[in-house]
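Take a look at the structures listed below.
Two complexes come next, and they have one chain in common, chain A, joined by chain B in the first and chain C in the second.
Showing the complex of A and B:
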């Protein structure tokens, strides 16, 4: 079953060539075998269980990021503070997949509480890139991206607050899709920054991304921010033509890709653009306010730290999770949190609290929200003219786990090339990353972001780009 | 000479069926942690689901208190860590409270007074906590119950004003049907903000806040104590510290909890999981229409109909009693007489037997008929008292009682004259005495006639005819 797509597995199962239980067993064997090197899983399910369904996903194994609540199954958020937490309720995503007959085979490692982009900070140890074990997978949906890249499962669920599905997709050579904010219910997904949090899917091709999204999207009365349901399925409407589609890319971002690996990324990107134009697609270069592009990262950081501080204030050890020692409730709370969170997390919380303080809120939090609005307003104007924004998904291949030199996170190249994916979270836009080539033996990718609620168009264009670049993998 | 400046914060729990942000039942139960769900416990991944009934009820009270209401629903997070707060933040309203700049007119010893409402907002209650010697217990039944906070401006100066404000507020809350508003069950909790200033001062003094007072009686005690404490402090050259205090009931005094009330930074920000919902004018109008005539207005009406202010006040305290009275008045009877019957007889009976007005047998039409039986001379007021008791005891209408017991008053002159003559002829000695100047014996003949009639004869008619016959 390794490397088979959902539809391929579907026909094998339907034709009786393999049972879904055999697929499941093979999947967990692969997962167990890879734990020593890749370490993608917090939990590997040992018992096959499946509900009756005639969905395309019936009998298909999948992996779920370990920040989705699963009743009766350990859900840790890859944090010590939840290392023994067994939920009593199901996330909507898990419930829908269960009802569709999809078979959960494992819960995947993330950066602790989804805060991070390396895959190195989960409480069960670092996740290594299956394509090169000396490299990172990216994060925070590290294990989910790795599981799909290894061929352990045809699809995995992730969450995306800044780029947490789409960046690891790029580093692992898989497809990562985050639909419009509200398309998929967040009920039961551990919150990081609620206004930026999205559910996303990782697959090996665009069709599979559409199939999975079809199953998990929809209005959910438990999540007030979910959108009214559409009457059609994405997977049944993917065929379209690139002829006349209008895309744009941002000059300032490509200009920052002038040196080394980034230059190769840019060259691959222009090559992709060239091929799309040959198919009749219109691709234009536009100029975007550089001062706004430069503050994407700080804006993201401010909003996400502030929201995450509050969102994680329930982790006190009183009701669930390991409880720290102490003679008073206050002591218990302080000890639980001091022992439960890694240093990086505490740092974010302290920064988040600082940002929300009365005297800083206007200058930091509210200004960050204003910048977010300015960027979204500019983007919305562009989406009136164009079908989508296309850009390199990252500035290079997956970095080494132990880099020889520290990257300058605020340097020009890093700042623009590595952080623009957060635009998709600022505006709640549908956004998809898909492989576009290799540097050496490591994959690189392009990203396509479309206007709010235009998920179908986003998937249609991505489907054509995938075909143009050499068909389904 | 110092005067007190007092502002109040009143919390009242709403009587919605479910909690404010979850589907758990909102009802009092002795069993701990019976009404809880993953939302109330703030398990990872939960999202708030606002209760529209809670929104309606909060807006209704805001309207009753003449507040400006917002055009959209918005909630904010109030961030702080405390063991009784499951999420580590409380959902409340900071940016767009449901009520602003309202007022409540009260009547204090015959004088009208306006207490301005600074703000009214909707929030969720916390869990209840019991501290034992070596451990604490948490009960999450209360966690997430809708709670309204009504904050006044510092407009009150006396205990009477405070009590009158609280009584009025409580009746309005009950009239609006949004809460049982029973302070015994902790459904009304009061925080008192109090400072003292000299008459000639232009700025307010430093205030103390006394939190979480459960009964109106304690509110009185707290204010009396604080007025004395602060005045003594100030007049001996001391200073009042800005602080939060609590009432120690066993010692009958307030004690300091913590200083600098404003120092806590709750890092408020708008709840991102609840999209801004517009409140259109139709929705608001529908709520406005559901507001009944409020106590103050009813009281004015009763007084204008001749009811005493004291009676009017006690009738409007409870909406059910006022509704009853309104129904009695529909029968076009004397309002003052009806109010006398209601406040002395009927309410006395209710108190004695621990009944509500809806539980007593005597319905408004029956009370009305009792009043009119007296006023039209069909029965005497003495008979009426018996009819009242029989009616309640035997569960029969006053008319039935009068008929059954033959209690109808005799006013027919011919019949009564017959009786008078009989009495005179059977008491010749008294008659002679009267005739020779002992006119005080008039009463004797009246009494004897009434006795002969078994109390049914109309006393006025008897009186008149006795005189006529004696003076023939």
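Showing the complex of A and C:
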């Protein structure tokens, strides 16, 4: 079953060439065999369990990021502060997948509490890129991207607050899709930064991303941010033409890719654009305010730190999680939280708390939210003229793991090519990363972002880009 | 510039400590960069003409659910992850002597 897509596995199961249980057993064997090198899983499920369904996902194994609640199954957020937490209810995503007959085979490692982009900060150890174990997977949906990349499962679920599905997809050579904000319920997903958090899917191809999204999307009365569902399935409407589709890319971001690996990324990107134009797609270069592009990361950082500080204040050790020692409730809480959070998480919370101080709110929090509005307003104007924004998904291949180098720290460089994916979260836009080539043996990718609620168009264009690049698997 | 003492106050307010002085020093460096970036944001032309954005887009189908009594979580379930339960309550160290 290794490397098979959902539809390929569907055919094999339906034709009786393999049973769903055999697929599951093979999947968990691969997962167990890879733990020593890749370390993608917090939990590997040892018992096959499936509900009856005639869905395309019936009998298909998948992996779920360990920040989605699964009743009776350990769910840690890859943090020591939740290392023994067993949820008492199901997240909506898990419930829908269960009802569709999909078979959960494992819970995947993330950067602690989803706050990171490396895959190096989970409490069970670092996740290594399956394509080159000396490199990172990216994060925070590190284990989910790795599980799909090594062929253990045809799809995995992730969450995306800044680029946490789409960047690891690029580094691991798989497809990563984050639909419009509210398209998929976040009920039961551990919140990081609620105004930016999305559910996303990682798959081997665009069709599979559409199939999984079809199953998990829709209105959920338990999540008031969810959108009314459309009356059609994406996977049944993917065929379209690139002829006349209008895309744009941002000159200032491509210009920042002038040296080294980034230059190779840009060269691959221009090659992709050339091929799309040959198919009748209109691709135009536009100019975007550089002062806004340069503050994408600090804007994301400020908003997410502030929201996460508030969202995680319930982690006290009293109601759930390991409880620290102490003679007073305050001592218990201090010891629980001091031992439970890693250094980087504490730094983010302190920064978030500082940002939320009344005297700092205007200059820090509110200004960051104004920049968010400025960027989204400009983007919305562009989406009136264009079907989508196309850009390289990252500035290079997955970086080497360097234990002495601190990760996920605010830097003073303007890495436009590394940080632009957060635009998709600022505006809640549907956004998809798909492989576009290699530098050496490592994959690189392009990203397509479309206007709010235009998920079908986004998937249709991505499907055609995939075909044009010969990447459908 | 933000002092280490101030950072310690924030840390205490958040009910945790950093592990050592080195971690506070790292945080102070991060603050230095953050505050530079904040100054850059503050100088963006036209910024005050925009409202702070708290949500990606306006929801056109927002609704209030019916005000019906429902059981959300069984009491035993609610306690199932708690490390110390006594007489149907979460037990914590004594607050008053």
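Assume the second predicted complex is superposed on the first by the 460 of 473 C-alpha atoms of A that agree within 3 Å, B and C clash if a C-alpha of one lies under 4 Å from a C-alpha of the other, contacts with A are read in each partner's own complex, and residues count from 1 in each chain.
By our rule, a contact is a pair of C-beta atoms (placed from the backbone, for glycine too) under 8 Å apart; a residue touches a chain by one contact, two chains touch by 3 or more.
Just so it is clear, the structure is predicted and the values come from calculations on it, not from any experiment.
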{"item": "First, second, both or neither for A:69, with chain B first and chain C second", "value": "first"}
{"item": "Touched partner set for A:351, first chain B, second chain C, both or neither", "value": "second"}
{"item": "Contacts of A:452 with chain B and chain C, given as first, second, both or neither", "value": "second"}
{"item": "Touching partner for A:292 - first (chain B), second (chain C), both, neither", "value": "second"}
{"item": "Chain B versus chain C as contact partner of A:86, first or second or both or neither", "value": "second"}
{"item": "Broader residue contact with chain A after superposition on the shared chain, chain B or chain C", "value": "C"}
{"item": "Partner chain in contact with A:119 - chain B first, chain C second, else both or neither", "value": "neither"}
{"item": "Partner chain in contact with A:143 - chain B first, chain C second, else both or neither", "value": "neither"}
{"item": "Which superposed partner A:221 touches (first chain B, second chain C, both, neither)", "value": "both"}
{"item": "First (chain B), second (chain C), both or neither touched by A:310", "value": "first"}
{"item": "Interface residues of chain A shared between complexes with chain B and chain C", "value": "85, 88-89, 195, 221, 224-225, 309, 316, 318-320, 329-330, 333, 353, 365"}
{"item": "Residue ranges of chain B touching chain A (in the complex, touch as defined)", "value": "38, 41-50, 77, 79, 81-83, 86-89, 136, 138, 265, 267, 269, 272-275"}
{"item": "Residues of chain A touching chain C in the complex", "value": "84-86, 88-89, 181-182, 195-196, 221, 224-225, 227-228, 291-292, 294-295, 298-299, 301-302, 309, 316-323, 326-334, 337-338, 341, 343, 346-347, 349-351, 353-354, 363-374, 376-377, 406, 409-412, 425-429, 452"}
{"item": "Complex interface listing, chain C residues touching chain A", "value": "2, 7, 10-11, 13-19, 23, 26-27, 30-31, 33-34, 36-38, 40-42, 44-48, 50-57, 59, 61-63, 65, 73-74, 77-78, 80-84, 90, 92-93, 95"}
{"item": "Chain B partner contacts - residues on chain A that touch it in the complex", "value": "67-69, 75, 77, 82, 85, 87-89, 91, 186-191, 194-195, 221-225, 306-307, 309-310, 312-316, 318-320, 329-330, 333, 353, 356-358, 361, 365"}
